[in-house]
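One structure is given here, and the rest of the page talks about it.
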Amino acid sequence: MTTSTNDMRELGAQVRNWGRWGDDDERGTTNLITPERVAAAAGLIRTGEVFELGIPLDADGPQPGGTRINPIRLMSENGQEQVLPGGFKWADDYVFMPLQAGSQYDSLSHVHYDGQLYNGHPGDGVTIKGADKCGIHTQAKGIAGRGVLLDIAAHRGVDWLDAGEAIDPDELDAVAQAQGVDVGPGDILLFRTGWRAKFLAEHDPQSFMAGEPGLSLRSAGWLRDRDVAVVGSDNWAVEVLPGENPGAVFELHMVLIRDMGVTLAEMLDFEELAAACADDGRYDFFFAGPPLKFTRGVGSPINPLAIR
Amino acid sequence: MTTSTNDMRELGAQVRNWGRWGDDDERGTTNLITPERVAAAAGLIRTGEVFELGIPLDADGPQPGGTRINPIRLMSENGQEQVLPGGFKWADDYVFMPLQAGSQYDSLSHVHYDGQLYNGHPGDGVTIKGADKCGIHTQAKGIAGRGVLLDIAAHRGVDWLDAGEAIDPDELDAVAQAQGVDVGPGDILLFRTGWRAKFLAEHDPQSFMAGEPGLSLRSAGWLRDRDVAVVGSDNWAVEVLPGENPGAVFELHMVLIRDMGVTLAEMLDFEELAAACADDGRYDFFFAGPPLKFTRGVGSPINPLAIR
Amino acid sequence: MTTSTNDMRELGAQVRNWGRWGDDDERGTTNLITPERVAAAAGLIRTGEVFELGIPLDADGPQPGGTRINPIRLMSENGQEQVLPGGFKWADDYVFMPLQAGSQYDSLSHVHYDGQLYNGHPGDGVTIKGADKCGIHTQAKGIAGRGVLLDIAAHRGVDWLDAGEAIDPDELDAVAQAQGVDVGPGDILLFRTGWRAKFLAEHDPQSFMAGEPGLSLRSAGWLRDRDVAVVGSDNWAVEVLPGENPGAVFELHMVLIRDMGVTLAEMLDFEELAAACADDGRYDFFFAGPPLKFTRGVGSPINPLAIR
Amino acid sequence: MTTSTNDMRELGAQVRNWGRWGDDDERGTTNLITPERVAAAAGLIRTGEVFELGIPLDADGPQPGGTRINPIRLMSENGQEQVLPGGFKWADDYVFMPLQAGSQYDSLSHVHYDGQLYNGHPGDGVTIKGADKCGIHTQAKGIAGRGVLLDIAAHRGVDWLDAGEAIDPDELDAVAQAQGVDVGPGDILLFRTGWRAKFLAEHDPQSFMAGEPGLSLRSAGWLRDRDVAVVGSDNWAVEVLPGENPGAVFELHMVLIRDMGVTLAEMLDFEELAAACADDGRYDFFFAGPPLKFTRGVGSPINPLAIR
């Protein structure tokens, strides 16, 4: 779908997947990860090398505070005060955290506009109790299948793209071609902007969150044409920020999540994986990234594995 | 290692893996999940069917309160009060939970005795800040490989074993033989007692936690002989409770975690997986169960996938 | 206002204080605690003895889990890992708790019906962000003034009243007369049912929460006649439970909070205070019970002082 | 006790109150708030005007994140999803917060050095479970009595003192004399540096926490001479920061809390109170600031009342 529109609602109507998997569907494009595709993706495991894509969950994470904080993990037991039969000593910990603090999925209930979620589910079904429809628990049987990495930063020859730099369909094509990889139905598409590398270099949450390089609005058509199942990134919102249209915010979120039904994976770390892919020129792999089963949850922290 | 001892410290000395992967090792038997074994395990993915093994994370979980509680997830945003450019509405949630509340890994820092953790790391390294050694983050690149399910309850022909019923090496052998599956080095061994089925039938946290069927102390030798990498169960502590020796508690925890260096996976749900295995008689599969990367964390909630 | 109606909405209309302190008022009957009355109440401090009315905030509290839990306080620092100049060692702690877990105020935003809060403020102003009107922070300058204790259990000669036993206006009059104390405008009225004594004797959260003795619906008229400012109790909901009318719940909450604008103080401990009052026959005192200033909060934990 | 020493340990030995109220004492100088003094302080209530000294507990507080965060209050119920008999709608909220996030008491277990707390209680009694001795719950029956405000900023004629500016005994004397107020045994001494006014003007947590004006080390002798019971301030640590001795941190904390046994009250707001005091020239009042009863807690959030 080559689209030239930059009007979010017009674009949303073009790429919309509502009704495609039934009127009751809550899962969207992860429906494209069929058993056949999972089985085929298993063939991408060759050396058995495992790369983890989650960032550490601790006080040194990318949250500057305010709406979201870094996880606060506190010990409830460490053995210190325990006197138990046989000398048993045990330790436990608690965490308080936003489900959106680090590497995480945006469920299809994370974003809505004009009163409707993905598939027309009512927006006011996201209540104080969580998501009546499209909660993250509906993705529990996933997300595993073929992963593809597009290393935009490497292709540009930079450590990282700058905030506000948009990635267009043409560039996605060019990178895929240069890497010798294709992107197809049911794929988990990961693209690397270097934004994680920037955070690792600078450790500056304010700067990490102030904006970011990312997909342009028109990329939605490219993703829809290829029937990508999941989009993952090393920035925090997939899309370019500030966005392309003044007078609006997070437009690609709205189109991808609400219209197309695409689960997003954000704040991933592709540094080791990208190096390995560059090393042998193979940019696809088996991706296994199960969400935690938070009933009615809007998101989930994750630590996906890429297995080559 | 056929062992007849029921003395925990003697048994621990027999099965101990300290130094086997170097004096600095913090990962224990997950070292046995080599790339070769991961690659071989990929061959177990045939139909592409995915089974999730995590239980729901919500207020209806198995924690009766006290030391551990069920997760408390609260919404911080649901769009209700938002007036944003372009009509963007978003939702977020926070969670407060023990890392040991539902389906979860016990890291090797979860248990110690006689002043030492696995591999001789000092027990007082588990401080108010968490685990100086053997934190769950050290398992981040895993845990994926060959999974094997032994359905003890089905083999006995019961809905579930009762609390206090021990599973001995002889029974593990008998079930494996009856199922036509072998257990070998680097395997993630899952055994089903029906304890999850009991909870699903009764929804009684008090009863679920009051005791449980599980592995006998002598099973440690059987697991060590086969060089199992991870042990997972549908009960909450892997081992039979009350334990076999009066005057001691959680002895198999101590032997498996501290002496053998085995990461445990607890409170899993094997109901759908077991039915599928029974259906076609195939009890091994690809297991993908990454922990969240809680730096210095003692455990992690998980939702492992079994892919057949 | 002698009222014989048991119809909640009819009763609410009779005792309603809306508009009495202006259309914008968010404080209700605490407006009755005028500076003059505070100054007069200071004269009740004679011996300088201080009694604290808050219950301990810890894991042994009265919450059985579910909707509300007991406070979970976890240490973030205890000095253990610190190496600081000059030998400084410090300790800090975090708490996760419902603001309604123990001794606490119900703000006027805690309860509504028929779409309206106290003073006609819209019910949908209590959003996911908290109370737009009548938050607990609006009571920050209080609550201090004349306190009066009516010891119902002592007057009946029982350790505690049983769940479901209602306290009627006649009994309030009889107890006040027997104690030789009057109840008047701006008073903080505390009444003792023995329900705290029961918990201290039994330590059974389930039983504590299963019901309770408390004020009858008709007591609202008695409280309105006397222009009581605050009502406090040693049970968890002030009113008798199960309530008097089948087909309704927490009717006195609705009438007192929403119609009369009375801030409630619940789960207090009057044991020591009651003994002292009985000892010298003086049942009034200076009450100082500031809420914490949670902006837009629905309630606040408290530890009020009674000073004699 | 005029002392010229700036050596913390020497000074600590001079002002130490250990054993003064028995070897088991855990309350320190709040023992000085005798019933007689409470009764006498009641005479300071004349007009009945109430001033609250707590700062708001919300996301806009003075914590920049890191070790401590501002309180995170989340709604668990707001009536939205409820369909209850009789139309009852209720709202509840949870909070996650450091007990040291805003206006708060430092208990005597908050600080120790050389292995000992106040009164020689062992420092390692502050464990992962909290304070074995000197927990904030031991102050539950207080803190109420005579309060005195010394307005240092007003006396200097500045909006606020700058970070690093020390307040010496001479200045305390001068301000007291200029204000016509004396400071004596059992008093709750509050001193105003303008640091809260600075925060209200700038809303800059980083700047608020980067340092502060406050008491000099030698002030300890002055406080000890007068047998002050509690010291409260509008900065976040009572003492001047950076401190006077390079190579040490928080020395006055150590001397006041650990040696003298003084409970500190921090991050208070004296703005309205100071204006009222200046207006009629009366700088003493009745202070009622009960801590919450966190069992074994190291601190407590507070909202003390000053009643004139």
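When the chains are written out, they are named A, B, C and D in that same order, and each has its own residue count from 1.
Simple rule for what comes next: a residue touches a chain if its C-beta (ideal position, glycine included) is under 8 Å from a C-beta of that chain, and two chains touch if they have at least 3 such contacts.
Listed by chain with UniProt protein names: A, B, C, D = Cyclase family protein.
Keep in mind that what you see is a predicted model, and the values were worked out from it rather than measured.
Any chain touching chain A that also touches chain B appears here: C, D.
Fitting chain B to chain C on C-alpha positions gives a rotation angle of 180 degrees, to the nearest 5. In this structure, the chain pairs A-D and B-D differ in their number of contacting C-beta pairs, and the larger number is found at A-D. Centres computed as Cα averages put chain A at a distance of 46 Å from chain D. Inter-chain centre distance (chain B to chain D, centres taken as mean C-alpha positions): 47 Å. For chain C, the set of residues touching two or more other chains reads 72, 75-78, 94, 96, 127-129.
Contact residues on chain C toward chain B in their complex (touch as defined above): 59, 64-66, 69, 72, 75-78, 80-81, 96, 127-129.
Those residues of chain D that touch chain C in the shared complex are 8, 34-40, 42-43, 45-52, 54-58, 60, 67-68, 71, 73, 75-79, 84-100, 103, 109-114, 123, 126-131, 137, 140-142, 144, 245, 247-251, 253-254, 286, 288-299, 301-305, 307.
Listed in rising order, the residues of chain C touching chain A in the complex are 72, 74-76, 94, 96, 128.
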